[in-house]
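Paired with chain B in one complex and with chain C in the other, chain A is shared by the two complexes that follow.
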Partner chain A sequence: MGLFPDFWLINEYAENGDSPLHRIHPIAKLVTVLAITVLVVITYNLETLVALLLLTFFLCLLTRASPRYFISWLSVPFLFGFSISIMLPFTVPGRALLSVDLLLFKVTLSIEGVMQGLIIILKVVTAALAIFMVVLTTSHFELLYYVQKAFPRTLSVMLLLTFRYVFLVIDEMKRMREAVGARGGSLIRTFFENIKLFGNILGAFLIRTMERAERVYTAMEVRGFDGTIRLLSPHKKFSATDMAFLVSSLSSLSLLLWITTEVEILAI
Partner chain B sequence: MPSDQNSNDNIIEACCIEHVYPDGTRAICNLEFYVKKGECVAILGPNGAGKTTLLLHLNGILLPTKGSVIVKGIPVTKRNLPKIRKIVGMVFQNPDDQLFAPTVEQDVAFGPLCQKLPIEEVRRRVEWALKVTGLEEVRHKPPHHLSGGQKKRAAIAGVLAMRPEILVLDEPVAGLDPESKMTILGILKDLKERGGLTLVIATHDVEVAAILADRIYLMKNGSIIAEGEPRRIFSDEELLHMASLYPPKPIRIVRMLRQKGVPIPEDVVPLTDEELADLIANVVISGRR
Partner chain C sequence: MAHIHSEAVLPMTWCLIWWGAALLMLGVSLFKTRNENPRRIVRTAILAAFAFGVMQINVPVAWGIHLDFMPLIGILSGPYLGFLAAFVVNLFCIMIGHGGVMVAGANTILLGVFEAMLAYWLFTSLRRVIPRVLVRGAVATFVSLVISAFAMVGMLALGAALSPATYLILLIAFVGAAVVESLITAVILHYLSQMGSELVEVK
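Now for the complex of A and B:
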């Protein structure tokens, strides 16, 4: 199991998986994820963030994908959040948690700094979990169909083409890595010995990509492409179950916000 | 020189066309090429013969440096491209270059949606194209989840949904397993015989030409070195040798049988496995008598 999200695995699970969340309409899931993201962005309350993380994790469990996947894939967002917040305990003023006297200066870790760092990490991890939940349980075409509607035309074309060709690019990279491996090389182990070779491989890869882009564009042009990718609307209808899911997830989020805010007020 | 070149029922006419790429490579030179309505024409030749370059002229992806291409009486020029592309549908060699939409159904719908047809008509055409190519089961799958044969069929479906009168295919069975190859050939045969579609196929697979083609153009180094019916072209060993090709397997087997003393007349040229089986059965039965 890799630390990076496996696009092939996610796509396979999204297209062929069967869980209660797979049967929910994409709009209901997207609105839920949007609501979670908005709450994550606006709140700085630690209790609210912990509760949001638990709720999102519960939704992820409903996908029936192994929790080990989420946990390993969270390492990248975690490291991202950690790299942003690493300096906060040393720079945010407040009560000292730990103080170390070095010869020339004194290093102090503040409780407020640690809390702020923790909040940032919780925000990043919760938002990433919410996205994993939706991309693992929604046919990627349906997801793209609704997401691209919110984008300007050029960006929506780029989004659709990126989704289609990212898998080919991954395959091509894999084949090139295997070709290097079959002749005893390794992209990591022999990187410095073969740095010139890898430069050439990357160059060849870029040229191949450009050539493919030209061929794809030609194939689109002969079918009448005029700058807009028109799509048929998905067959799925918004049902009473979808409405029930949306209402219950939004109610849970409101309740969670209210309880944690009340707890904070009572604590004050 | 093709004998029927000036006939009125030609749907494609290419006169003295020449194409020079920007790097100076002369890919095709002084080509005379015609296709009659409803026939299947195969362009045979080794790699680098100029087959694909010729195909790309038929719906205006490339315009000739010299000469002219006329489709259904309309000259292929920049101004006429929308009209030409409604008549001529092009299926590229690599289906991954053609299938860009997130699902098979969406890709098949792309052409009709670009033609701005009413949505009901688009859905009707998509259903028809998926049925003809046998892809109804995988309509919601993304292209990267399909096998090579399915991808090729999806690429054909995407062009068929635009209801072209002429279908141009570049190496339609290259890299496919025998079953997928036969499926594609069956679909193309059906489209020609029942649908009345005109087919132009570039290939170096002589079996494909033997099964499908009414007429063959043999190409080498950017020029047409022969034109004629498959039996005539495939029985001329010297000509095929010039184009670095071998005759189809049934013809090779008949030659071997003749060398072993089996009395098969020289004018008998079986193109398909069925024709060969009939011939051998006749020889065996007449031998018993």
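Now for the complex of A and C:
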């Protein structure tokens, strides 16, 4: 398991997974995720954030994807949250949690600083989990269908083609890394040797990618591509079940807010 | 490279302001590329896939970093298609929890304006001053990445109450990574120009 989510694995769960959330209309899931994200951004209440994290984790469990995957995928957002909150206990003034006398100065960890750091980490992790819930259970072609409807032609063509090529690019990069490893490339420890190695490999890879782009464009042109890609409608009808999911998730969020006291909309 | 890696570090007001700015730039870029040759759109889309793929690779330099090559895409595709590519890459990053819905506006400005557009502008304007593609590519990429790192820290400073030490640590980390990315970008541009690719001097 890598630090970054495996795009192939996400796609496998999204396209072939079978869970109650897979059967929910994408719009209902997107509205729920947006509501969770907005709440996470505006809330500074620790209890509310803990409750939101538990609710989002529960929704992720409903995807039937292995929890070890989405927990490991939280590494990048967690590390970023951790890196920006690590200094807060030392710099935010407040009641002392721990105080150490060094030779020249005194280091104090404040309770308020620790709480602020914890709040940032909770926000970061909850927002990322909410996204995993929707991408693990929504066919990417369905998402792209709405993208195509929502965005102008240039952008929708770029999105569709990028999606089409992301898998090929990731696969080729994986092969390239294996090839470098097999030739002892991973043993290089010198800074400039590594720069030169990766620069040349990525340059060659870029050329190969561009050649592929040319071949693809020629093939598309031969088939009558006029700058517009038309997707067949794969979308489901918004059913009563979808409405029930949307109403219940929004009600749960409202209830959760009400229970965990007022939201401090400090940011607005 | 310099982008906000997670949701919820910016307050809602600033998220909306950056989204507004990003949508404005998106409108301008779409207007400017309305009659764009489909071949260049296809090429930029594949470059965006390349950038997204590269972001998943941990380069074993220093403590291990990830690159995104937005300055390179800006130089190869031009400023407006480069901006659109930055928006597309951000949308894909959201799908893997690398970034976020609310910070996507800020990230699009960082990657699209401060990296892709600025690098293109520097690379083309320095043509006479620095004729060598290798050096010009390194300078354009490094300057755009450093400005982007400062812009990211500025965005965080405007919206989040973090300590000055945190901003300093972030700046040092991003400027360090900028050195690596600009050297690799320069080697790639040099490689492309040696191969006789017409991509390097895009109009």
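Definition applied: the second predicted complex is superposed on the first by the 209 of 268 C-alpha atoms of A that agree within 3 Å, B and C clash if a C-alpha of one lies under 4 Å from a C-alpha of the other, contacts with A are read in each partner's own complex, and residues count from 1 in each chain.
Operating definition for what follows: a contact is a pair of C-beta atoms (placed from the backbone, for glycine too) under 8 Å apart; a residue touches a chain by one contact, two chains touch by 3 or more.
Predicted model, so just to flag it, every value in this text is computed and none were measured.
Student: Which partner does A:83 reach: the first (chain B), the second (chain C), both, or neither?
Tutor: The answer is second: A:83 touches chain C but not chain B.
Student: Which partner chains sit in contact with A:107 here, chain B, chain C, both or neither? Use first/second/both/neither.
Tutor: Neither partner.
Student: Looking at the overlay, what does A:37 touch: chain B (first), chain C (second), both, or neither?
Tutor: So A:37 only meets chain C here.
Student: Could you look at A:212 and tell me whether it touches chain B, chain C, both or neither (first, second, both, neither)?
Tutor: both
Student: Determine, for the superposed model, which of the two partners chain B and chain C contacts more residues of chain A.
Tutor: Answer, by number of touched residues of chain A: C.
Student: Thinking of the overlay built on chain A, is A:204 touched by chain B (first), by chain C (second), by both, or by neither?
Tutor: The second partner, chain C, only.
Student: I'd like to know which partner A:74 touches here: chain B for first, chain C for second, both or neither.
Tutor: Once the two structures are laid over each other on A, A:74 reaches chain C alone.
Student: One more residue to check, A:161. First (chain B), second (chain C), both or neither?
Tutor: both
Student: In the overlay, answer first, second, both or neither for which of chain B and chain C A:123 touches.
Tutor: A:123 sits against chain C, while chain B stays out of touch.
Student: For A:191 in the superposed arrangement: first (chain B), second (chain C), both or neither?
Tutor: Only chain C; A:191 stays clear of chain B.
Student: What part of chain A is shared between its chain B contacts and its chain C contacts?
Tutor: Overlap of chain B and chain C footprints on chain A: residues 160-161, 163-165, 168, 212, 216, 220, 225-226.
Student: Which of the residues in chain C end up touching chain A in this complex?
Tutor: Residues 4-13, 15, 26, 30, 33-34, 36, 38-39, 41-50, 52-62, 84-85, 87-89, 91-92, 94-98, 100-102, 156, 160, 162-166, 169-170, 180, 183-188, 190-192, 195, 197, 199.
Student: Can you tell me which positions in chain B touch chain A when the two form their complex?
Tutor: Counting only chain B, the residues touching chain A are 59, 61, 82, 85, 90, 92, 94, 96-103, 105-106, 109-111, 113-115, 119, 122-123, 126, 140-145, 158-159, 162.
Student: Provide the residue numbers of chain A that touch chain C in the complex, in ascending order.
Tutor: 2-5, 7, 10, 33-34, 37-38, 40-42, 73-74, 76-77, 79-81, 83-84, 86-88, 90-92, 120, 123-124, 126-128, 131-132, 135, 152, 154-155, 157-166, 168-170, 172-173, 177, 186, 191, 194-196, 198-200, 202-207, 209-210, 212-214, 216-217, 220, 225-227, 266-268
Student: Per the contact definition, I'd like the list of chain A residues that touch chain B in the complex.
Tutor: Checking each residue of chain A against chain B gives 11-12, 15, 139-141, 144-145, 160-161, 163-165, 167-168, 212, 215-216, 218-226, 229-232.
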